[in-house]
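Please read the structure below before turning to the comments.
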């Protein structure tokens, strides 16, 4: 599917502040960047980082005052398969070494705390894709999608207690439960078609059958319409903007539209 | 300095449990493994992982029942420089990309929460090594070394409140404060000569002047006598043993002794 | 001082919900209710509770849909003395039994956690009023008055970490520190003249020299212009509205104005 | 039932420390103190407090060094009825005013956080005794009785996450869930016959049908063999020993034995 993305962040920095920004889609093998560009409304020297293993792109800069950062791109996100119940769960011994960190607890996904709950609650479900789908069903049944309950510091523990949150919280709790079940899981930021209202979206990925599978525990947007931005242990790793001192997000605006592909010319 | 290390862990697993174990010193450029071996008192197939970038070694296995794991080694740990106040603090733009994750909050080092405190408390201290040394001084002055206050789930937030903990807690709070000051910091597990009583030891490293520097915020053991095992974001990454389900540590035993080097034969 | 108070709360209840409301000033010996009334814009049977010991007034009702609750009153709040550094701190043995609960940790004031910090930080300050004034100075120096950092579930532990909050948070941390210093302290809700913008205000009281003293750790409003509503262990006890199920506060509006007292007629 | 109780606490205080001790059974209407005495192995002036409303007894003292405090008593604990499913749940409007505080969140029972969970999980259960019994069944099914997971600072939130704890934790979570369901609940410390190993025991009470009912969520000791000590919002209110600075519990020892009542002499 070809998707056009326009995303705008407006921030205020009280003084010169170093930032790391991750709003450009990853150059990963599952999607193709057809064209894109980045616009910043103040002169800034950008350091560009692209992770050779994952294709995740970030830039570093020093910003001050009020700044608008805009990303524009057209991406072909390929064909995103939907996780199947039968997908094979690997024994730890079978996992690629680079996947192991995604078994561990992280800032917002303290899976160590939830191990007793998770291993009891999901003990009857078959290992593999079925287990992940059961986690997502559990989230749908037990957690309400509500704005205002959580904030930027909310962990999966808190969401487990509150039983309410937004996409970020659903993903953190989903990731924590998967890791507590010995399933590698990581956070992914995406641009998502048909998300209403349009916004940045947080989902997660699980590693089964030798590959990562996208899962949206909120079920608010179709997997097929997602453009992957960054992946990491949790929101701390995939923040749109990480800053060296307190700053203020004045607004964010996202548009994702499907590009009608022209039919191939008949000969 | 040449050091002989013997470390023994005894665990009980109620059923077949996958584990990841990190008790072998890293094959990093700052230390030389002269000889070593690993002894497990039950037949187990080991998957060996060695991180090409850092030389950190881990092994994976599936264990059950009561198991004793012993590491024996002789290591030349080279010359470990002591962090100087004048060590240069890099702007984010100057940092190697692989150092950036150590600026971010993690499971036990939620530096995002402590940013307001850290930036106010240490605002008058010059950037760089002096800032890190001021953090260590602060820990010495404000936190008591006490057993029994903290446990395996204690975060730097909790230690900041409790004002008491052990080596792991001192390091987590030190790391969190450094990151909150925009300084890359990571957790390091070590074998330490002259630690009394002998035990695994947790310290941390900061990235200044283009390299990582070892810091012991407890000041319980000299930097020169340390053998580095694993490095990571916090205790979750460098645990001696990570297991796929609840298990019990029955005992751990560590001996680190200085090997008297034979004087070079006079010709 | 004579003060006219008008306070309006508008809530939405999705279904019939029991509530306890504490917005009427206490009939305590330190203030005189000259006239007042309560207006609710739906028929409701009110159960009135007045604590014989403290004069705190609450009413119970069952409400549903959108409801506006208004309090109007004129109160003479007498003369409120300002806490002096020399006020005597009682040994526990000297305290009236009914004051003892205010030494204990509570929902939002977990003073047990902060005992090590408090007893170290304020060890050099003389016991009594001076200690409380030092706690307030500490709050002024180390905590920023900022909206949006805290919410209805924020505890003094979290504010101690965040170093930011609003009047409720300043009071909770002040209370927790006093209790950790063996000083009885309790939360008090007030109407406050000259608070800008006008709003409900949360302050605290300490027990010294045989009586309770009002303290405003935010220093946003003068003690002399305060009308006491409820007192309790923390915000849980003195909430304007406690409801039996989740509900929504649509708006709250408070006006406190000084009534010019007519000069006594010259004979 | 007549019960003989001997309880010994040994503490160490580094310097003169004020304490409040609650180890003497309450002089409440549901039990009769046939004889008792208190032994302290250092000279100490005791201030005795007895709550006129509940008969709960506490003493205050200033202690230093190593101190042994022993209580000895013979108590007839009457007939303790077992909570019935049909016990009537009062509307808030029907409750005695002094019961209302037990609807509110407290230090270790933050019922406000668990409201969404509790009201969803137990929505199908009939109000009243049945609801409380369902909470106890839920605790039995979802929480493991395990030593070492919790400590003196563990809240019901943490136990809800950990799914493990001891009698104190079971009671705190039971209380928090009851309050989140609009049921008044309070913590009670007891001496319990047939508890194995013998120890202080923490249970809770709910207010239904116009009276308080004892409930043991651990099901480790029979209600009939319990002698009530103190009641309060949670462990903070009913601690055996509350001290004004950090101290160390060296040992505690409890014996509860049934006294064979002599048959009445035939005339």
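To keep things simple, chains are lettered A, B, C and D as they appear, and every chain counts its residues starting from 1.
Note that in this section contacts are C-beta pairs under 8 Å (C-beta built on N, C-alpha and C of every residue); 3 or more make two chains touch, one makes a residue touch a chain.
Keep in mind that what you see is a predicted model, and the values were worked out from it rather than measured.
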Task = Show which chains lie in contact with chain A and also with chain D.
result = none
Message = Farthest chain from chain A, going by the mean of C-alpha atoms per chain?
response = D
CA centroid of chain A to CA centroid of chain C, Å = 43
Mean-CA-position distance for chain C and chain B (Å) = 46
Request  = Please report how many Å separate the Cα centroid of chain C from that of chain D, as a whole number.
outcome  = 30
Ask   = Residues of chain B touching 2+ other chains?
value = 113, 116
Ask   = What are all the touching pairs of chains?
value = A-B, A-D, B-C, C-D
Request  = Could you please specify the touching residues of chain A with respect to chain B in the complex?
outcome  = 18, 20, 45, 47, 49, 51, 58, 60-62, 91-93, 97, 100-101, 103-107, 110, 112-113, 115-116, 119, 152-153, 182, 233, 236-237, 242, 244-246
Ask   = Which bits of chain B are touching chain C when the two form their complex?
value = 113-114, 116-117, 120, 142, 144, 157, 160-164
